[in-house]
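Each of the two complexes below includes subunit A, the first together with subunit B, the second together with subunit C.
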Partner chain A sequence: MTSAQWSVGEGHVKKTSGWRLFLKTIIARAYPRVIGQQREKSWMFFDVLLPMLAVSAYVFVYRAIGAPEEYIGFVVVGGAMTAFWLNVLWSMSSQLYWEKEQGNLSLYIIAPNSLMAILLGMALGGMLATALRAAAILILGSLLFNVQFAVVSFLQLFTVFLLAMVALYGLGMMSASLFLLLSREAWHIANLAQEPVYLVSGFYFPIKNLSFWVAAAASIIPLTLGLDAMRQLVFPSGPALGFLSVSIELAVLVILCLVFLTGARFLLAYMERLAIREGRLTESRR
Partner chain B sequence: MSTTNLKSTINDQQSFLRSFKTAAWLGWQIESNWTDPFLFAVYSIVKPISSAAILVVMYSIITRGDFASPIFPYIYLGNAFYIYVGAVMAGISWAVIDDREHYKTLKYMYVAPIHIPTYLFGRGVAKFVVGSMSVIITILFGVLLLHLRIDLAAVNWPLFLVSLVIGVVMLAMMGLMLAGVCLLIAHHVWFLGEGVAGALYLFSGAIFPLDVLPPFLRWFGYLMPITYWLELLRRSLVSSVAEAFPTLSGLSNVQLLGILLGLTLVFGVLSAFIFRWCEYRARERGLIDMVSNY
Partner chain C sequence: MDFAIRTEKVGRVYKIRGSKKSEPRELVALHDVDLQIEHGELFGLLGPNGAGKTTLIKILTTLLAPSKGKAWVAGFDVAKEPEKVRPTINMVSGGEASGYGLLTVRENLWMFSQFYGLDSGEANRRIKQLLDIVGMGDRLNTKSSDLSTGLRQKMNIVRGFLTDPQVLFLDEPTLGLDVGAARDVRKFIRQWVDADSARTILLTTHYMVEADELCDRVAIINQGRVLACDTPAKLKHRLRSDAIFQLEVSPLNGFGVKTLESLPGVKKVVHQEIDGGARLEFILAEEPVLGAVVSSLTASNIRIMNLHKNEPTLEDVFVDLVGSSMAEVEGSSVGSDQ
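Moving on to the complex of A and B:
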């Protein structure tokens, strides 16, 4: 029997290893994110409804104080992007904590696959599933509030979006390894990271209006520059309200992608070792 | 009343009080003992301040920092007091989910000699305390740093306290209604409190006057007691807000208080019936110890 085969009774099951196993793990972990989540229609409904309620509230605030119409568009785009931040917080960063609570984490560690591949699968699946929800919020918001877009460059827009997503989910993978060590506080910390990030990343207003250093510090969160660049590319008044030029923001996003993905790789290995040594992988402090 | 009946009533009241006090203590432990007091204090401050700061930045960008306009206290105070809606209403319904799905203790609560609605109200106390801290910190932040003008000598304290108490009772009753619904559903139970609180945020004129909404949506706000409650709280703290917006300016404070009281009674009776019906259905269908693992 070759190393690529594994005997079960009289039959033979093909065994994969190396890159093939890595890729199969990614697809296997992405599958429930993409297919499973679509099966629960009520989740889809609430995932779109809740951000839409927040978007509508902020739109009406802008209308109440007589804001120019492009700010309505800013809110709609920002509201759509909250879906990604929520997904990264609740389904990436704190995911390993949930898995620990449900007893799956030890199975992940026991299985002969890479934890990095599992996280990449979660990221890929989460990104695709959330893109559907974000698109729904964007379309619904644009129709309800009559938002006018004027795209300067579809290629740049796609590149900015892609880079922002890779960097964001890289950040999610990195923080997932930190959450590996947390217990009950994981829920509270994820909960705490919602509004402050909405504020400093400028989800509902141009980030330029915060001071330069606050905006620069907030740029560590990929959605800050991603959102700013996207607004510059889709709204006529965007460039005037942009924080940095799109080309600089693209360059920073590339750097963030590299830093977060590499950081996730090393941090995950370190935290996994630490969690095993300290016996926290099966710990469940409710 | 006979001696036996009197004793039974006193025992019932003692039992209710014991359930309430124990549930309040349990709720406080769950809310606060996950971390050290410093991190808990940071957690209690950062979240509401950030939420308020989003609105403040939006407002200051558009109005170039015109904090003297009456719309600013309208938005700021509405948002600050709305914290109670998420804390009390969603908090009470969340206790059902927490006990059933997370701690898996709801069935033990049902076999224990306690009154379940009283227990749920008790669980809401901790949320109310944390919510109160957030409300106070948010308002202090506004007064000290954002030119929110509240003249303590001009505040209508009796109106403020009466409105606050009625409002908290009203929110607790609405929470009980949601808790009943939570007993019956599994898949979207996590979103229920948040969804209702989000919808009311939009329709109750918490952060913008109701006349900004399209006319066909305004009637929903007029039916909700939260609309009148927030208006009373704003008027009691900053009286100039009342004249600035036409939506409820035709109503006096007493009329608003009457409407709030009336709607609170209606929602109170409704929630008691809905909870009892939902609880009966949940027992009948064996849902009290349901664990969906979502």
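Moving on to the complex of A and C:
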């Protein structure tokens, strides 16, 4: 190794900035999530077969009590969407805390990229990787329990799914900003949020069965309305068991998207400033 | 004059929270630090753990706001213009576990290069070139979780250099490395900075030899204060008029080192227990004082087994400035570096 070798191609490396840098950051941060899934095959057991056990339990209970057959389909769709909630909770909300522990967060901060792009990359990668898991649960559950779908409108279904995802991952990005200042309590809060959301979001039953106000309050979690609208669009008896009409649920989802994404942007900037002032970007103990 | 790094009375106070009822305790990590580092310099911050080295690096890399004072990197105010500072810098810390274990060396480095906006093809070309230089060309497709500590640190070093920063911060870059790997990393660092006069490195270390061997100038820092700042040669020159002796003696058996320190002409004594006795290092105002030292020891039935006259080292400079060795300071300090 000589100084001459160092000079080869060194110096004045061309770097992009602005929106190109923003896009590059999103793709680069999404990459580990997508590629990681291919290399760590254990997800098939933990993220597909284990959730299928919960789905099966509900299916057998509904069949035992003679519930309408559509409920089986509701449970399978709910089981598939659970994967997204778990991903947002464990791989978005608490992710900045883990990145801090690992030493990546300080490298993200000192780089000229935007932290918002890092979060968007995490969200995009998580969404793509989880979509595969959710699809696996949906296909396996449908085949095992003979679920029949009757899609009213593919366009509407796709729009609902997309809006639910954007709003859900927006919520994840917003809570990631809050978790930035937390230390080990991040783990406990994520644990605390997991089960209650299963209940109030109606993962395994129609949300209409809860009282109107409980269902309305639960609608702040985008999957509640997203799931309800998707069920209305894929099962013949869906509209009868739906909480609100699909068009109202779509409108609320649009509002949730705007609120969570804007909230994430401002909260992230605020939390970053606060963390730099208090010295909590690299230290958990203060 | 235009400096690569400049600090003006930079201070940082941490508030340590105890129990909920008690008031937060204040810990002064940095106290009025003034530094001026020129372009092209390899500048060392030398001090024990807890001296404030890492706190200063965090401030300069925009990770931490100073409680008082101002700092500039590449001409930009780190507190007011962090978005202008960040494209010009990079940082590597010793023992860091950054990146993702599931990704290969190339993928991890590529990912970080994208955060700086490098063209993907150019990034891959540079990754290969730099890995070849550090002798890791054959590890391009190895998962980073499969790398040894030394190889992982070399990968981290490459990550720092990959974006060709104007100012590179290296925080204990050889921490935990074996002798061979540390030597390679030091050689790598020196050659990188020598290859272009626009490149500047601020390196923190608590290894005296590393600072002496590698750095153009060194600031000695302890308890958040810069005690001295000069070239290693000039720092050692301060002690040229002193005589430095190292004695290996039989067990002291309760004989107090303070007795030796009170002798006229004895400036400092550092005491270390060794197998079968003790090692005493003396900084004396002049050589003849050694006679009084030897007399005092022999009068107390302490046998002298070995005697060396040493040339001053940065360790001696540290002892002269602080009053105790770096190992003693680290041994007595509570907690880790801030």
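Following the convention adopted for this analysis, the second predicted complex is superposed on the first by the 270 of 286 C-alpha atoms of A that agree within 3 Å, B and C clash if a C-alpha of one lies under 4 Å from a C-alpha of the other, contacts with A are read in each partner's own complex, and residues count from 1 in each chain.
Throughout what follows, a residue touches a chain if its C-beta (ideal position, glycine included) is under 8 Å from a C-beta of that chain, and two chains touch if they have at least 3 such contacts.
Here the structure is a predicted model, which is why all the values come from computation and not from measurement.
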| item | value |
| --- | --- |
| Which of subunit B and subunit C A:235 touches, first, second, both or neither | neither |
| Which superposed partner A:84 touches (first subunit B, second subunit C, both, neither) | neither |
| Touching partner for A:145 - first (subunit B), second (subunit C), both, neither | neither |
| Subunit B versus subunit C as contact partner of A:28, first or second or both or neither | second |
| Of subunit B and subunit C, the chain that contacts the larger number of subunit A residues | C |
| Subunit B versus subunit C as contact partner of A:40, first or second or both or neither | both |
| Which superposed partner A:195 touches (first subunit B, second subunit C, both, neither) | first |
| Partner chain in contact with A:15 - subunit B first, subunit C second, else both or neither | second |
| Contacts of A:102 with subunit B and subunit C, given as first, second, both or neither | both |
| On subunit A, positions contacted by subunit B and by subunit C | 40, 102, 286 |
| Complex contacts: residues of subunit A adjacent to subunit B | 40, 42-43, 45-46, 49-50, 53-54, 56-58, 60-67, 71, 102, 184-185, 188, 191-192, 194-196, 198-199, 203-206, 209-210, 286 |
| Of subunit A, residues touching subunit C in the complex | 1-17, 20-21, 24-25, 27-29, 31-32, 35-36, 39-40, 102-104, 106-113, 118, 276-279, 281-282, 286 |
| Interface residues, subunit B side, partner subunit A - complex | 34-35, 39, 43, 46-47, 50-51, 53-55, 57-59, 61-63, 71, 75, 102-103, 187-188, 191, 194-195, 198-199, 201-202, 206-209, 212-213, 293 |
| Complex contact set, residues of subunit C against subunit A | 12, 14-17, 58, 61-65, 83, 86-87, 89-91, 93, 96-100, 102-103, 107, 110-112, 114-119, 122, 125-126, 129, 133, 163-164, 187-188, 191-192, 194-196, 198 |
